[in-house]
């Protein structure tokens, strides 16, 4: 084996039960290399890290390079690492060819002088680097400005896979619950506890809400959550706001009376009339101020200082003047609201409830770093699976109707877990 | 037109808004016939019947026969009707060729001496007739015994299409609600009111329950419904009973702890051990009597004298000794329980709640006369559509999880409509 | 009855089997009025219209007004009609209070001098009227400009409900097929025939396509449809175009190899690299011209002069420079493409295939007049039901995977109905 | 550590990449024990096994026992194993309390004299042992006969977890494909190849078919598969057989014409008449022999000697005389057909296609040993997930309509992979 190229890799942390070591061994053999374990210290207690030093071999240097590159993605460090390579952005909104494409997991880059943690971590971005300031941060396409240095290739980039906690946790490690057959009350009680913990720690809670929240008559539960101080940010579209105004002005949603459940003759017009009234007033806030809008989710959000971002879509009726119709601007506003109140490495939003909306939930999920806890609620299991399975570390999916979910959640927050009265 | 065959048909009732008249006109023209309206009196008030006498023409007598036959299915009467034709059953369990295949709607047959209403109305049966006793009744295949007279062809058979009430009703006329987007609380409140009305009138309520009722932690709500006197009959399979016993003995369902929502190590064995215990005891009732089974839906049902029919299936584990493993016997028992407490024309069961089970719900739906109100609850919209759309007059479908439904239903029965506390 | 207000209504067409007459009778009685049928001539043959003159009575004039208003929505004409009332737009983008909200059905307005048919019919718009030019047309919110006269109230507005053809038709009358259990080949054969008929008559065919078209490996079937001349307009989003470019450049979609079905290591980066390449090139067309893009749906569409409108959304990665990111502009472009090649009353697009995309399909469905035939294909029955049920006259829904649908459709167009080889 | 109990465990095989080692370490620490790795030899090549000798410690002997018990379930062997403990069956159909509940994975029991592999492996059974014959085998409840020795507890029982092959395989290791977004043709081509390999090796192929196979017009494709020799066993219910006979006699399924796709007037009666004809004839085979049944899946199956098991259900109409209405008997017949043609350890059936039926597919899946490859096809993703996720090693789920699947499968078998013509 003396002719072969080799290098020494080092793994630290929960390398066995987090699958780092087995995955690395697997990868090496898949690429035609081989390895010898030089040192293996296995941690004995929950919080003991393990250490493995492993020498990898390959017949060709480029294979060895590929092994090292992938090993780094698995969290390994080469004993002798090389700093990142960068190229300069030449064209507005275009990354240099060969750019490193980010994940949503904590990432560091090796500059001369040591490892630097990447700020504003987000998936599907490029990595901008300022060597003088020793800073690295994620940039979406629209922030690629000529002159910026952007990482190319995988050299000198390391991500930190999350280590699985041995404590039993509701927000599972890469293992989201999406069953409709499990006892739901238990989960909701744990979500309520988590929300309280986030607020106690000063974190912000984001609700991403679809029109179903109002359709199903659950708007007043969401209003209650806002009043109780459990919503700091609200992402939504035109439809939920229109339904909400329609409910406030006419007592209907899409022409269906929210109290009797019956369709109103010519009631569908209410939808259009609600839009027209807001357009005439100029904004939702103006309607609240002038006393035209006296109830509903939007009114409660405005009264309580919730940061609202309404992102438009091509199917919108109207839309309301408050809706952001330019999609780049909408994304900018969403990113701003997510990081507001946090720092470079941890966003202000610490927990996100995604309620019955696929479009805005996917948009949001793509922007969140992996550490933000997410709860996805939809009556369609396919939507829940799709949302819960976006590589976030800590996500829960519930297949249920949003009205039931919000009802139980409000109760769990106000008076503890439900179901006691009937037992 | 003098050469053509003609006959005079008579329609009575809400013939215009129930579509009887337009459908009849349509049908006549589709078959190449023509018609002239001889008399049309349109009712002015809600309860005024209308009357139409209409002469139909066709070039060939057999076409005229077909027109009259189909007109009868639409509820029309020929002014000069002929009595039914019958053939004798020759072979056990086999109808005579050409047998009349029943619907679930009220049906009458014309014997010498007048129209006789069919007893035990049910779809997909044959019509047995006893001319001496002036009796007619539906027989499933297994009741076809040599010697019985069975109606063949369509002559002398008339069904009574239900007339649509002009009162706004929750149990719609052939128009089931299956949306997951409508306010659910309203519907559940109305279902609760209907259940109270049924009980006040002495009717029986049937619950058809799938294993999800216990899985989702909703068993105690169903128990509560039973204790409150709102369940007289329970149709289910092996699985729900096993889960229920498992929950009572071990606190789990399929190995998942119903309180914490967490999977128990080796917990799946609980499922098998629960089955074994009941098999050892001989029956659920024996377990209750010996004090081995002290909680759960089955215990509550036994304590409260609910008529339980557990119908087996090919996928059953065990099964429990209480499960009827011969399918013909299971159907007989179900039919018996449906009609028990009623008379020949109206079954004792006046309302059926079908909760998260497709197999048993379809089996039940096929046996119910059209007048029995049905409520179908499932989280899968396709199941709800399929169940709600079985030609019953009065069905409601709710796309929601069964735990939420039962929780709200119990509350609506005990303390009135929900959602008040959070408004 | 002499004290009561009354008026004479006239119904013409297939008033009985289209339910016009029964619905009108029902409505009158629901509102507390009454009626007497003055004349009823029922058409005898398929193409014979019927005529009914019916006098309606009410105790109060405003009730009578309401009756007449609703009767007009049902297609009735008051014998003595009054012209429309209008109000002037005062504020850019805001309709006058009380505006008439349109449906997607053919509508006429009564001006001095007679009825005028409304141009550019579309639902959820207002009606602009130019009395001098004797013109009326639908305006979406963004076309409400100060000075325009807009219809308020329901007076003088008449819609023409579509009459049901007695011919058996695949594109059913308000009765879309959404079953996954029906023989699919038959439907697809009939769709192919309809597409041929549309093209022969010079109509344009619109495809609204979701990313699944490329994901599932069905892109080449769509390309084939384009080459065969069966697609003139393509509405889609960023994702399908990105997947298509990724497939052309790297042979993958979201990193999954389209030939082997296996995930490629680091393949997800292909998605981002494809976007970056198009951004660098400036547009899809530029990539085709420079020879960088040599295959795929977008290349075929560009080569064959298909009118492509890519509407953005808030969840887009990139997006491609071709994507319209301002939603009002996207809607304007879609409306333009729909009506291009037609006239004021009939759009150029005569048939729309909506393939696996809810967002763009709903956006499109909202813009189409009721007479445009639509075919909705999705593997999720809930999506198909939602799309097929938007009040278009002639829609078909198929619950199937889009790859199978396109495969069969291409075959049905090229070589006739499928399934022959295996019979 | 001298006071603690300890024992030496041995793991062999692909212990790292199959997760055996990490899971074991995790489990030991979860239970409060600790460990020291005594020896670790990691295999370097694909087929090199690894070996690990690990000493585990616990403060209490019962904890150590629990560790050893669970380690055995993970595939570890204690260096010093103890033989199984048994108890005698006392009551017909009832296992002894504390019985060992089986999985579907290869299992061995330690008797005096060495390890014995369990025959007729199946999940949710007990283990019968005959010490004299040195035999062990799975018994379902109904085979528990007084006098049999049955294993109790976990001592002396070892299961062999399947090792993951490093070859890329379509039938994934515990990782079923259930996406509707992947290229389907590729998968179907690989399934066809697997079916050919199974037949070449003399294995039997089982089709579990739901009524949708005939509904959707795909019956002739299944018939073709039978004729081509790719179906040896057919499990189904009453419905598919009735639909098939109805199609053969009347050209309809549930009254819908299979060629035109249109509903036939009074067509639903065909369903009942088809049942009656078979009941009159006595059996499907009698109808084939007498020339009454000349086409369809059942006729083809009978002609080609396919072993057919029709298992009844409580929702059956009729049923046909061929349907087994006693569920225990149906299960016995299914087990017989699965193992027919195999030996004690490998059933004759080597591959199962489960087509659009949840009831019979779950029943079948519960009976199959883990090594039998399964393919689950349904248009409902929830059904596919549920079926594909039953602990079999090698399962594929396809979310598609069964007609498309069978069409492509027949083509892939007859003429190679599809889609070529349109490329």
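As written, the chains take the letters A, B, C and D, and residue 1 is the first residue of each chain.
We adopt the following convention: a contact is a pair of C-beta atoms (placed from the backbone, for glycine too) under 8 Å apart; a residue touches a chain by one contact, two chains touch by 3 or more.
A quick note: this is a predicted structure, and the numbers were derived from the prediction, not measured.
Q: Can you tell me which chain lies farthest from subunit B, using the average of the Cα atoms as each chain's centre?
A: A
Q: So how far apart, in whole Å, are subunit B and subunit D when each is placed at the average of its C-alpha atoms?
A: That gives a centre separation of 35 Å.
Q: Roughly how far is subunit A from subunit D, centre to centre by C-alpha average, rounded to an integer in Å?
A: Centre-to-centre distance between subunit A and subunit D: 38 Å.
Q: Which integer distance in Å separates the CA centroid of subunit C from that of subunit D?
A: 46
Q: Residues of subunit A that contact two or more other chains, please.
A: Touching at least two other chains: 382.
Q: Draw the chains as dots and join the ones that touch; what shape do you get: line, ring, star, complete or other?
A: Per interface graph, the chains form a complete graph.
Q: Along subunit B, where are the residues that touch subunit C in the complex?
A: 16-17, 19, 21-23, 25-26, 29-30, 34-35, 37, 40, 42, 44-46, 166, 381-382
Q: Subunit A touches which residues of subunit C in the complex?
A: Answer in residue numbers: 70, 91, 93-95, 97, 99, 101, 124, 141, 265, 268-269, 271-273, 275-276, 279-280, 311-319, 325-328, 330-331, 334, 359-360, 362-363, 366, 380, 382.
Q: Would you mind writing out the residues of subunit A in touch with subunit B in their complex?
A: 168, 180-187, 190, 212, 215-217, 220-221, 224, 256, 258-262, 379, 399-401, 403-404, 407-408, 410-411, 414, 418-419, 421-423
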